[in-house]
Every structure is written in structure tokens, then in C-alpha cells.
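A short write-up of the structure that comes next.
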Amino acid sequence: MDKTLPDLATAVAGIKDGATVMIGGFGGSGAPIELIHALIDRFVATGHPRDLTVVNNNAGNGHVGLAALIEQGMVRKLICSFPRSADPVVFTERYLAGKIELELVPQGTLAERIRAGGAGIPAFYTPTSFGTDLAQGKPVEVFDGRSYVQERWLKADVALVKAHLGDRLGNLTYRMAARNFNPLMCMAAATTIVQVSRIVAPGEIDPEAVITPGIFVQGVVEVAKPAQEETLNRMGAVYPEAAA
Amino acid sequence: MKLSATQIAWRAAQDIEDGAYVNLGIGFPEMVAKFQPPGRQAIFHTENGILGFGEAPAAGSEDWDLINAGKKAVTIKPGTAFFHHADSFAMVRGGHLDVAILGAYEVAETGDLANWSTGPKGVPAVGGAMDLVHGAKRVAVITDHVTKDGKPKLVQRCSLPLTGVGCVTRIYTSHAVIDIESGHFVLREKLAGLSFDELQSMTGATLHAPQPVADLVAPSL
Amino acid sequence: MKLSATQIAWRAAQDIEDGAYVNLGIGFPEMVAKFQPPGRQAIFHTENGILGFGEAPAAGSEDWDLINAGKKAVTIKPGTAFFHHADSFAMVRGGHLDVAILGAYEVAETGDLANWSTGPKGVPAVGGAMDLVHGAKRVAVITDHVTKDGKPKLVQRCSLPLTGVGCVTRIYTSHAVIDIESGHFVLREKLAGLSFDELQSMTGATLHAPQPVADLVAPSL
Amino acid sequence: MDKTLPDLATAVAGIKDGATVMIGGFGGSGAPIELIHALIDRFVATGHPRDLTVVNNNAGNGHVGLAALIEQGMVRKLICSFPRSADPVVFTERYLAGKIELELVPQGTLAERIRAGGAGIPAFYTPTSFGTDLAQGKPVEVFDGRSYVQERWLKADVALVKAHLGDRLGNLTYRMAARNFNPLMCMAAATTIVQVSRIVAPGEIDPEAVITPGIFVQGVVEVAKPAQEETLNRMGAVYPEAAA
């Protein structure tokens, strides 16, 4: 078994119109920029995929990565906790114009809903958001005298994830705080596609150091020197470049 | 004439695809790992937090921190990963395993399985069985076709406490391979020397055979 | 005369015990980390999966995989640990943090906090605030005592969308330190040059002072 | 801050009569034998603690560790998934004589209930045990056409845990499959006491390699060469030795 994919275009070829796509990262850290850009390339060339529901903590920054995906008009709905950034103009304009739907979820609830999706837990209770607008319409139950909100799992058709090392069985490590939502999204998607800085042979990752075991991964593609969103934005980058 | 436990395990192993993620119940099902067809390599999961473990170590070289769910010593191999119990059962409950192969006291035509308790006497113990039956994409059972007393283990309704409801999809027995489809036992393979009627008489619910029934064959092992 | 934002942060920092696990909300509260009293070392948690991170790196030496929840570059130090978002919020929701210090639009005498939305206009963003208010053993707010327009931020009932119900226990403002106990604002410290009546007039709900009120003092910073 | 404890007796000194105590390990792997034996020593000397509720995957094996704790009569109730072992006589005799209470929990549900306790999730839904005797009395709810059982979190007063390396801030690593329930129990107890093979300085454990961050740990005690239950039992060991 070898989960290695030959290139980025192959990695994103199977994503369909209307798909729910989880995209890893917190801001730029751990964001799979190259996979996102490959998806944009495919859309520019073919008009697909579109009408995507995207799950990410944020709503993109500047004009690269997730912001560029939104700017292309590929995203119908965004599920996130914090759609603000240093330069959130792409999302903000579309949102205020009613061109993109937003489901706002508290960050810990977002993480737990994704984990629940991956762990086969259809619903759970959390104190978070009790008594607030974000709990509207959700069942409330009292346990041991305290009120909790019922939240549902979140699953996806595809997860696009950035990791550090990956072996051909899909075992992954991450780099510092670039871990964030990535391991959870690996668990919650029917198909998890991972860009890694280096593909290594099985056994090169210490079994103790594996953060995402390969069972959660369907494809691994090597991007040797991944771009960092923060760096691209400081250079004023726009993707695709022709759009600049 | 019937298949030995080893031969039943061999037969079950033939249906495991290359690259499949597989959990083998403790005891008899563990034997399935030995019979992977050439060119195929399944990745074995154990509840206590190892994916992709290797064979048993030589006697005397066990590391008792490196055991499987049956508390038997195993080994690591390239690609092994360790994780804690919540992550381990996220793999199970979350539907990430391709196959779980379990033993059975009884299997009903509804797919119900009883394999954890023989009743109120004695000490009950469930382990991971109730999680496994609701997690793997395919839940198969390997079992003798009848009990030691000759009573059917494949029944209309289980009489023993259930492990799971409507969860088993295929049964490998000492005499046959039977799928469970829409609440029916559907016969796929039987021993060549055994008539349909003979097999039916050993089975506690109606056997269906909508398609030709293949011979169940296994090598001498 | 009133405390500057820096001085409010300093005052809040004086109440953090040695070894406390602390989450500082993004923006203004981050400043609290700078003012740990000598001999005490808190361990700072950030939602995006770091415990025990260090100060900001020198400009130009940032690693953008090593950021805090405010997306600012930080550093590691001996004892730092990385983890994913579900584990991070297990720390929060599970009650493992000792202190969370957050900003506020409004705080009610009931302990209700509003700090995530100024109403239906604009883009709403909640981040980890709603989790933090239900997780830390002590949820404190640092804020100017009044808005830029001079309106009270400490009120009977919040008019803006709530972040959490009955969650705040202490408020550090530009003019006072106030506890919330049994649905009341209880004044603990106020600026020496400010009378109780003056402070009450800047506050949107009744101030109680069952014990002597200490002077709120902070060094020039 | 230094979470180092001077010795095993100090480590277990605070455990009260009637306490709920989570004990890590799966069979012998990851079982904190020395902490358990220290607790037995205290009981032999003082008659306390007793009436304990113990949470463990198993019910002990032979006459050391958890089995010895049960044999002393210190355990009122056991919450576990699999009270069988190669030599389960201690538990079996007491259970059949009605001298110890058993709450049997499916293994994955046990793990998830402990994690939920640590993560502030008071209840969750699982397909596990639906339609079985172990779901009796529990609420059932249908999500997306499938039935699920509601399970409650599990918390403890104390967790006794075995890890491999620990620093004085409580950051931990484990050894292979000795990880099992230990990281979860660290999260779910008010007081988590860990025996480690070696106490190291903060920074000696790679931040990427920390499995249990120190926030979940209250005390760390060094046991340089921990005994292995399997090895003790093969030698026919009995604890305390006087009982042999």
C-alpha cells in the first residue's frame, strides 16, 4: 500500500461540486496553501469544484490560500469561529453583500465537533455558548444542575491538511503550532489529502512521534518548501497571479 | 468432515484486501493474521493503542509494554504508530476500520451478535467487542457452525445477551460462508461433501441460496 | 486621572499565582504576561495548541508556525508543549486553566459578559471566548471603566450579545477592582483620588462595599 | 513551580476513604504498580484509604498491583471493561461473593467517558451498546436515522498513572502501548499523580513529543526501574510479601 500522490493536481482532482471541505490551519500556520492553490487552478481551468462548504477556523487573509478560494467564488458557505484577520477584505465584502453564508461556531466547539465527527460521536453537550445567540435552536439539557448545549458532529467529504513529515502509509507529524485543527480534520473526512514537506519511508517516523496515524489519511503529496501565508501576505501576493 | 479453526481463519483471511485496516478479536480471531495472501498486507489495529504492529516476538524477548488487546506480546515494524485509548476507539467508532473479525456464541439472521456473556452466572467481561461491532465497515464472525453440544450457533434470534444489533455481515464457519443480507442468512460457500439440507439442519434459521453456492475449500494447515 | 491600559494589565498580573495556568485573550489582555511579579512564573496557554510559550521573538526572526491565538509570533522555552485544538479546548472546557483574562464590551453585575459582537452589523467573530468563559477556574476582565463616549461598561444587564452567562468573577478597570459576588458588584479597590460616589456615577449598576476599599495603585509604566 | 514529589508514600498520602481513583494501564502495561503498592502500604499501616471506587480497564491479575489492592479489601466498586485475566481469582472470588460492586463499561465507552470528564463534556452519544443489556436505563436518541446511547462523563478524585519521562512541570511521555488509558486519566482527575522512570529538566522532552502536557498533572515521582505486572506474576509474586 502506498498513499503517495504524484502531484498537487492529482491530489485535488476528486473534489466535487457542493462538497464539504475541511481545510486545516489556524490563520496561516498549518494552512495547506499549495493544495488550496491547486484547487483554484482546477477551478480556473474547468469551472469546478464550486458551491463548496468550507470548514476552517478563519476566513482567510489577504489574497492567497483560503481568501483566494473565497475570492474565486468557489465557496458557498463557511463554517468557522473567527472570520477576522489582518486583511479580511475578501470574506468581509462577500459576506456583507450576502454572497457567502456563514455558520459561526465557538472555537472549542468547532474543534470538538470535528473530533466527534472523526470519533463516531453524533452529538455531545458543552457549556460553551449556553445562554448566547450561538445556542439558538439547539437542545439544552441540565446535568448535575448545570445547563449544557447539545452540539452535533461535523464531517466532511474531503480534508485538505498540511503536515510536516509523512510516510507512504500516511503517518504524520506536524510542526509546532501548525498542528492545530489538522489532526482533527484528518479524522473527520471521508478522504483526507495531506501535503507534507517530506515523504519518508515507513519506520523513519518514531512510532511514539506519530501524531496522525495513517488510518486517517488517504493521500499524501510532497510539497518540499511550502509557502507560509503570513510571508506571502507581507509580500502582497495574490493568487492566481493573473488576478493581480 | 469440517474445517479446523485454523482453516476457518485461513478462509476469512482470503477476503481481506491489501492495505485494509483490520481488528482481530482476542483469542481465535487473532489467528487470521497468519494467513494473509501473498502480495497483500493488511494493517492490524489493536484496541490498546497500536496500529500496524508485527508478529509475536521470540519467547523470552517479550517487552510487556508492547502487547495486543489479548495481552500477548507483539512487535513493532516500519510504520507502526502508538496512540491512547480514546484515539484508538475513535478509529473504531468513527468507522475507520475496514474489517473487524470476531468470535461468536450466537449470530442471528438479523445480524445480531452475542459474544460477550453466557448469562448471569460468572463474571461478565465485554472489552472492546461492543465498540467494534458498530465501528468497522465490515463486521465478520468466525466460528464453529455448531456448539460442542451440536446446537446451532446461527440462529433466528440470539438467546444470549447481545453484543450488537444488526451488525454482522458475513460469517465464516467450519462448514460454510454465509452473508447476512436484509435479515436473511444467504449461503455463499459450503463444504463440497455437505448437502444443502444437511447444512440447513445444522443451522437455526432458514438458509437462502439465490445464487449458485461455491465450494468452501481450504488447504491443509 | 485613571490607569492606562498598561497599568490595568499590570494590576491584573499581580493576582496571578506562581505556577498558574493562564489564558490571555487576544489583544489588550496579552499585555498582562509582561508584568508577572518577581519570583512568580505563570504558564501561558494559547488556544491554537501551545502551553508554556515564551515571549515574542525579535522582529525578522519570527517562525509563522509558532504563533499565539492572536496570530502573533511567540517562542518556545524549556517545558513548552504542543497539542491539537481538541486537546487545547479540553484544557479550557475541562476546567484545567486557573485564570482567563479577557477584554469586554460590557460586564453585568450578574457576571454576564459581552465581548464578541457589537450587534448585527459587520462580521461576527467569536474565536475561543465562549469556551474560555466556561472553562477557567477564575474568569477576569480587564477594561476601561467606561466607553470612549463615557458610558458605563459595567452594567445591570448587558445590551450586547452575550459571550457567557454568570461567568466573570473579577473586573480590573481603569478606576477600580471589582468582584462579582451573588449578582452584585463588590468594590475592592478604587483610585485614591476618586470618591465612591464619583465611581458609582460612572458605573451602570449599584456598587457594594461591605469591607474597607483599598487604594488602587499601579506604578508608572 | 516544581511538581516533583519526594517519594511514593508522599505521592499517595492525600487519597481519602471513599475516593474515586483512576488507575492507568491495560493489563500490566502502563500499570503504576509502585504507586498502587504504596497505597497498600499506607492501608496496611493506617487502615486508610478504603471504600475506594477504582476505574481501570481490567480487574487485576495475580496478587500484585490492582489485584493486590482488591485483595486487601480496599476497593468497594470497580468500573472496568474486562475483569478477566490469566489469573483473575482475586476479583472473581470477591465479585461472586458479593463483596465488590462491578460497573461494566464497553472499552471504547470507558475511554470516551474518561476523556469527556477531562474535556468538560458532561454527556455524549455513542452507537456502542445500543440494544444491549449495558444500555439499560440510559437515554437513547436517534440522529440521522440511527439510534445512539447517551453516556455520561467519568471523573475521579485521583488518578494514579505510569509514564516514561516526566519533567518537573509534569510534561509526560509514555512507552509504547503502555500509553493506553494513562493520558486520558491524567485529564479526568482532580489530582493526577504520576510515577515516571526518570524525571528530567524542562526542555529535555521535545515540545512535539509531549503526550500529556503538564497542566493535567499535579505530582510526579521517580521510580527508576518500575516492575512489570506480567513479570511479577510469572514469578508468582504476592504483595505485600507478608501475605504470601
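Quick notes on this structure:
Order of writing sets the chain letters: A, B, C and D. Residues in each chain are counted from 1.
Heads up, the rule we're going with is that a contact is a pair of C-beta atoms (placed from the backbone, for glycine too) under 8 Å apart; a residue touches a chain by one contact, two chains touch by 3 or more.
This is a predicted model, so every value here is computed, not measured.
With each centre defined as the average position of its C-alpha atoms, the distance from chain C to chain D rounds to 36 Å.
Chain B and chain D have Cα centroids separated by 30 Å. With centres defined as mean CA coordinates, chain C is found 55 Å away from chain B.
Multi-chain contact residues of chain B, defined as those touching 2 or more other chains: 76, 82-83, 86, 89, 92-93, 134-135. Residue positions 112, 115, 119-121, 126-127, 174, 176, 207-208 of chain A each touch two or more of the other chains.
Taken pairwise by the contact criterion, the protein chains fit none of the simple patterns, being neither a path, a ring, a star nor fully connected. Contacting chain pairs in the structure are A-B, A-C, A-D, B-D, C-D.
Within the complex formed with chain A, the residues of chain C that make contact are 46-50, 62-67, 71, 76, 82-86, 88-89, 92-93, 112, 117, 122-131, 134-135, 161-165.
On the side of chain A, the complex with chain D involves touching residues 112, 116, 119-127, 141, 143-144, 146, 148, 152, 173-174, 176, 207-209. Listed in rising order, the residues of chain D touching chain C in the complex are 1, 115, 117-121, 167, 169, 171, 187, 201-203, 207-208, 210, 213-216.
Within the complex formed with chain C, the chain A residues making contact are 26-30, 57, 59, 81-86, 88, 91-92, 95-96, 102, 104-112, 114-115, 126-134, 174-184, 211, 228-231. Chain contact summary for the complex, chain C toward chain D: residues 18-19, 21, 41, 43, 45, 50-52, 76-83, 86-87, 89-97, 134-135.
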